[in-house]
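Following this message is one structure expressed as structure tokens.
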Amino acid sequence: MFKHVDYLQFQAKPEKPDALLAAKMQELVGGQFGEMTVMMQYLWQGWSCRVPGKYKDMIMDIATEEIGHVEMLTTMLARLLEAAPGEATEKAAAANPVLAAVLGGMNPQHAIVTGGGALPRDAAGVPWNTGYIIASGNLLSDFRSNVAAEAQSRLMTSRVYNMTDDRGVKDMLQFNLARDTWHQQQWLLGIEQLVADGFTENGIEDSNGDDENQEANHTFYSFDPESTAGEGRWAQGPTLVGGKEIVYVPDAQPLTDDKPLGPAPDPKLFVTYDGAMGKGKPGTGAGAHAQGVANVVNKIKGALD
Amino acid sequence: MFKHVDYLQFQAKPEKPDALLAAKMQELVGGQFGEMTVMMQYLWQGWSCRVPGKYKDMIMDIATEEIGHVEMLTTMLARLLEAAPGEATEKAAAANPVLAAVLGGMNPQHAIVTGGGALPRDAAGVPWNTGYIIASGNLLSDFRSNVAAEAQSRLMTSRVYNMTDDRGVKDMLQFNLARDTWHQQQWLLGIEQLVADGFTENGIEDSNGDDENQEANHTFYSFDPESTAGEGRWAQGPTLVGGKEIVYVPDAQPLTDDKPLGPAPDPKLFVTYDGAMGKGKPGTGAGAHAQGVANVVNKIKGALD
Amino acid sequence: MFKHVDYLQFQAKPEKPDALLAAKMQELVGGQFGEMTVMMQYLWQGWSCRVPGKYKDMIMDIATEEIGHVEMLTTMLARLLEAAPGEATEKAAAANPVLAAVLGGMNPQHAIVTGGGALPRDAAGVPWNTGYIIASGNLLSDFRSNVAAEAQSRLMTSRVYNMTDDRGVKDMLQFNLARDTWHQQQWLLGIEQLVADGFTENGIEDSNGDDENQEANHTFYSFDPESTAGEGRWAQGPTLVGGKEIVYVPDAQPLTDDKPLGPAPDPKLFVTYDGAMGKGKPGTGAGAHAQGVANVVNKIKGALD
Amino acid sequence: MFKHVDYLQFQAKPEKPDALLAAKMQELVGGQFGEMTVMMQYLWQGWSCRVPGKYKDMIMDIATEEIGHVEMLTTMLARLLEAAPGEATEKAAAANPVLAAVLGGMNPQHAIVTGGGALPRDAAGVPWNTGYIIASGNLLSDFRSNVAAEAQSRLMTSRVYNMTDDRGVKDMLQFNLARDTWHQQQWLLGIEQLVADGFTENGIEDSNGDDENQEANHTFYSFDPESTAGEGRWAQGPTLVGGKEIVYVPDAQPLTDDKPLGPAPDPKLFVTYDGAMGKGKPGTGAGAHAQGVANVVNKIKGALD
Amino acid sequence: MFKHVDYLQFQAKPEKPDALLAAKMQELVGGQFGEMTVMMQYLWQGWSCRVPGKYKDMIMDIATEEIGHVEMLTTMLARLLEAAPGEATEKAAAANPVLAAVLGGMNPQHAIVTGGGALPRDAAGVPWNTGYIIASGNLLSDFRSNVAAEAQSRLMTSRVYNMTDDRGVKDMLQFNLARDTWHQQQWLLGIEQLVADGFTENGIEDSNGDDENQEANHTFYSFDPESTAGEGRWAQGPTLVGGKEIVYVPDAQPLTDDKPLGPAPDPKLFVTYDGAMGKGKPGTGAGAHAQGVANVVNKIKGALD
Amino acid sequence: MFKHVDYLQFQAKPEKPDALLAAKMQELVGGQFGEMTVMMQYLWQGWSCRVPGKYKDMIMDIATEEIGHVEMLTTMLARLLEAAPGEATEKAAAANPVLAAVLGGMNPQHAIVTGGGALPRDAAGVPWNTGYIIASGNLLSDFRSNVAAEAQSRLMTSRVYNMTDDRGVKDMLQFNLARDTWHQQQWLLGIEQLVADGFTENGIEDSNGDDENQEANHTFYSFDPESTAGEGRWAQGPTLVGGKEIVYVPDAQPLTDDKPLGPAPDPKLFVTYDGAMGKGKPGTGAGAHAQGVANVVNKIKGALD
């Protein structure tokens, strides 16, 4: 259960309205790595966490903070949009190049849809969706996703930070930058803790590890004869898991003579084929239908042996 | 420019068709962390890479391999769908519980849309989209995303691996598991190389780092009075960057008295407000319109001082 | 800013796992009118609300409760998925029709993607997106949307309620049904309060009302000569606004002789046209180009007069 | 079956082209509450309506009118785009601030994709999708959604109305505003008719109403200790259904000691857990696998008792 | 403007309900090539058509027919769903394999969301969106898209036709198959008419044709040394346009020594680069910033020369 | 399996950066008919092709070329974005109308998300998704889709070609225009080859052709009494298939007296109905429930006779 306190975690006071900046800052609200993403990703991971105690509490703490970050940003956006012109026309633009830029660059939905408030969308106006988030139940994999999300989120914030001179906006973004620096470390420390607690040996996702192909797990295949990829650490020295020596294969060749060719499907699906049945219109090769039906029966029988 | 070799990188030969497994394996083709995602993510990162030589070549090598992984999976799916029933009816189900399961659980689009082939969609039938991928131009941030993508991809593969006894499917997935183990390491080694080459000091995204808030970058705020999050490594000991001592703040309070309240917008937008203008119907408060227009002019003037 | 309490608002204890029911209950989590929708809709309306005091506080209170409702549902789903089969195969189905149903009907992403937890998706597996929510800043319009969301949400809940005999699931859904009954009333009472406070006269959105066409605002046009729509209250008696007598127009005719025909665009766009320029290939009609360019200049000049 | 009459319902004659306005008016075509939404929502409700006679006829009449409204808007947009520049360049912008605004603010897809016509997208360029519409078969719930759709649609129209001085555009929007005023009333009158005909007692969706929790259906829970939400009508006085006295609960507490913690899933899913099985790597805790398999069997058996 | 006639164009009377078939037939309603697609594609093309007379009338006639086809299908779906179980449970499935199949394979949203009606979604439950349709204003290109849409639509219909023995369903699908056969021809005849009317010479989109590269317009490049693509008509004989002899290039090589490498962007964007500025952390290379700023000014100046 | 060659197929060297043009060219990268679409469409068709030899090789050759076309465009975009301003502000715009246009019209995600690189999105910023592509396994239908894709792709390219004077951009687009001209022909020649090889008689998709309704397959129904559609070739003369004489039906009437009315569903779904059960609240009509349950049993039994 959640509670609300009617103060922002950190102030969101721009010096002046700026509709163009508001259009750009939408990326930090509803972008692939905006605050909605980390808010929802951590809430779902917290709710999905099956380890009671410090792990679950930690995730829920961060998730709860992030709801407040969306709150900070929506407040900032509403204030940046204070003077968003509801009536400005081409005539005004003719007299004022700044207005021309605002007319061109401001997000029309900031006026039409929200009446001067933030949108739950990115800087291109695309609605946020849960295809951006992950909660797999596997803390190692999810903490890796979280480090990445914080790094990308910080980078986007940093780029926007350089796009304004507004002291009030920069103050808030300095807070956000710091949280992203901190949160990157926190999730990396979370992986250290998972190792310390015996949930993973080395921070590499290796479930069913004994079953994996023992050649392909330490080999760099190169697919361009002129590639210089062999010069990097990823192509030489010991692996991080198991201490094998990395193998570098320049100009890699197929490991099989199997070709990417599917079988003839049920003729009733009218797929173009010839194969064993001879040429002909889809679905009408002699005997194809009967054979297809027989296949269905036989193959499923085989599945039960 | 690319070339094609008409052999699979690794064979994709199931022992028998299995339409139910095919429905599940769609997640490994077109899911959030399916092979299409890593293929497209690495292609875009390679094309966006501005550092010629080993970094760009390495990314392009992996990207090129991943196109072939989608090829392997689409071939496997077509073979698993060989016997997908194009005509089976409820009558058949009445006599055969297995067919009942197949009828219920197979993906109808495997018959209707592709005629017995793989779909560029996930296990729920949702089309793949580029909202899943990232190419920021910043190699550190992108390599972090790549580690996460390989960990999640490997986990999904491992879960599907346990859902079948088919020797041929398991053979191919063993290859894929190994590549994901290896690729996790490769991107981590890539970060080591970035450090060695001086592109980052410590693997933490810290652009504009001097500007960030110096309190908030090493503080854990807890938002549940009964939270045990303070017991973890993320709440004690030195930070990974700068060697500060982590501060743990239980039951965190707002750092400001600023409230999440936006300003009254242009009355022509008919937002419900009262604030300084007195109560009234949206857009018709006395003087509100005139004041709104004056605001527009003044605020933008302010932006130019 | 938000806080978290590590207890559910209401218990979520199913009697037994039920993977099929879990697949259906996804609609109540991530559907068009699932709990994520009301949670996010109210949070955004609260953040967008410019009227401090009871309105803003009320919206934020409900929004905060709804975060907890998503928490209840994700907990319920995880428990319903406890026995979700990670290994079950066709062989098992052959021996057990129930397993056949489970194999066919359970959501494979519940195993592959979340490892036995809820998904932020609907019952068809479609990711939730912010295209489902609205926060216009206009409280009257938004409260109307909220009444509708609660009515639809309650209806979906009620349908799912009838699909299970599980006492524990039904207990929780009885709580949810009650909240939806209550919340429908609350938003209707909110409209009463808006009227009492003078923000709207009659609960009908009527901004720029004096400007609207005074014929079309009380006329029912019918477009099927055999329509019986004229028998309803919507076709007779006084309007709710302004007390005009409703006019019913059977077999309505166009109110204009204007036809739906666009002008010839810039020839450089290669649209097929003839119009005033004579027949010819797109983009090559004699003089069309020159005329098009002249049009651009003249029309924009006209815009500035 | 449908018929077409090659005249617009109401004329769509702008005084002059205006590519910027065209970009904004896309919201009224393909936005969340644009004409495509009401057209498709009412068509689907009409087709889903199981009550023959006045209800079904009324819905189909309105739906049929709305197809014509999309036709009016697409015609208007094509005319506003008449002079959309197919070739304008930065050089032109250097000499003309208006052109600069047009270059910046016009929708490039209006030239590239449609060749000077309307797009089936919103003002941000996002394609329209059926996630915006609802047809539940329950007329009460759907009429509530329709009132909301008309209110929001009217508000968006009203905001755009204020963004132009074009007499021809304003004429058409005055017609649209009037229809939206009227349609709000029509759906409210539809609810009155449902009450009169005995399909609902009070206009509140209350299916399975006797089963709902009898405390939670008249209680306002507040989640912020400083909330002033108790001052509104929604927190005092009688309910609209059943005439209970509303209960206001400040600083609400959890109603249960149940915590949001899911059970340990099948170890083959590699979820991080400890719980009853002791600490360990996901999927490898001693005995966990065997126990998981036993769980599957037992729990499903339980489902059949 | 449109009118409605309250009869179906063709009857939609299934012999019996069949919830599984209903789930599959969703593809014909809301799939990529379902009836909603052709309905909306032709409506938009008709509205976008700038050639008055037979072309515009023909497109509007077909579009109007297609609205009625969606109506036929939604009626059929509602009837197939008549007995869709609102309460069936696992217990019922235990006793009846058919019910098990129905439980597994029926679309749960058919009960929960529509209450036994069709959904505006495809067979995987994905909402229909306008990304499926095209209306470019260029009739030749659009007629080509229409031929394709009818061919694909017919194929999907034909596959579903084979999945049922229901005489009533088959009757209606026989009508639909015939319309798709006819409509393929109609759009091909439309291209013949465009040629006859001089709107295109040869049915190939060739705007700006004189400007195109005169080598690349008749050359088949092969990218697999073992490719047998040279054996087809597409690799030999005269072209359809201009009568050149097709050139076949086996094992094609790059036509340039230009490499896919982007320039170093503004250092304030923190992209990883080295290039001319020497190695270093993104954004901090000596002199990089100053140089970047100078670039901005100089390059834009260049744009105006 | 694929290989990469680190040279572009054709050079991508703009004369100068141009952020506005880059925003528009996104349509050619990630639009409905951008290069990503043809790349992915042909790859999936190639992988789905069951006819080994010249057909499969031809499709894979073209698909492989198209990967390289995306590479060319991403390189071009990165170079056009070289000077994309990372810091420009309203102050700069005040002094420079060109900058005002750039500020307004450039895509902010080109700076914030990619750091000066191409996006996998269209000109409106909408992410690319696999809903744009088709691979049905039926070569005739797919080649029809490919002709359409090339025609539309060429048209979009041609429109953009006219929007710039940059010699380097035009050079590359001239190559792309030529490939699109060529590829249109290639797919048409592919259909000729299918006819020659006996896979189709006449290039019309006609699976289950004998079963189709023999009236509806050569009849033009008109739905507007004033339609002039009868003047075109599509309304007179012989059909392309079977040589019947086309029948033109002006002012078409319904072919049935069947009305679009669904049956009353299970009362537990709370759909509003009356029908045979008399008026009443949804779900509570006397006897409705019992009858509904009986219906379920009887109808499914019927399905097995």
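The chains carry the letters A, B, C, D, E and F, assigned in the order they are written, with residues numbered from 1 in each.
Throughout what follows, a residue touches a chain if its C-beta (ideal position, glycine included) is under 8 Å from a C-beta of that chain, and two chains touch if they have at least 3 such contacts.
For each chain, UniProt lists the protein as follows: A, B, C, D, E, F = Mn-containing catalase.
If you're wondering where the values come from, they're calculated on a predicted model, not measured in any experiment.
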item	value
Each chain counted as touching subunit D and subunit E at once	A, B, C, F
Between the pairs A-E and C-D, the one where more C-beta pairs touch	C-D
Approximate Å spacing (C-alpha centroids) for the pair subunit C, subunit F	26
Distance from the mean Cα position of subunit F to that of subunit D, given in whole angstrom	26
Contacts with two or more other chains, residues of subunit B listed in rising order	1-9, 18, 32, 47-48, 50, 55, 57, 60-61, 64-65, 71, 74-75, 78, 86-88, 90, 94, 97-105, 111, 113, 115-117, 121, 124-127, 129, 131, 136-138, 140, 155-156, 158-159, 162, 207, 223-224, 227, 254, 259-263, 265, 268-271, 300, 303-304
Residue ranges of subunit F in contact with subunit A within the complex	1-6, 47-52, 55-56, 86-90, 93-97, 99-101, 103-105, 107-109, 111-113, 115, 121, 124-127, 136-140, 194, 197-201, 207-208
Interface residues, subunit C side, partner subunit F - complex	155, 158-159, 162, 268-270
For the subunit D and subunit E complex, residues of the former touching the latter	1-9, 30, 40, 43-44, 47-48, 50, 57, 60-61, 63-64, 67-68, 70-71, 74-75, 78, 90-91, 94, 113-118, 120-121, 127-131, 133, 135-138, 300, 303-304
Touching residues (chain side subunit D, partner subunit A) in the complex	18, 20, 23-24, 27, 31-32, 97-98, 100-105, 122-126, 156, 159-160, 162-165, 223-224, 226-227, 254, 259-265, 269-275, 279-283
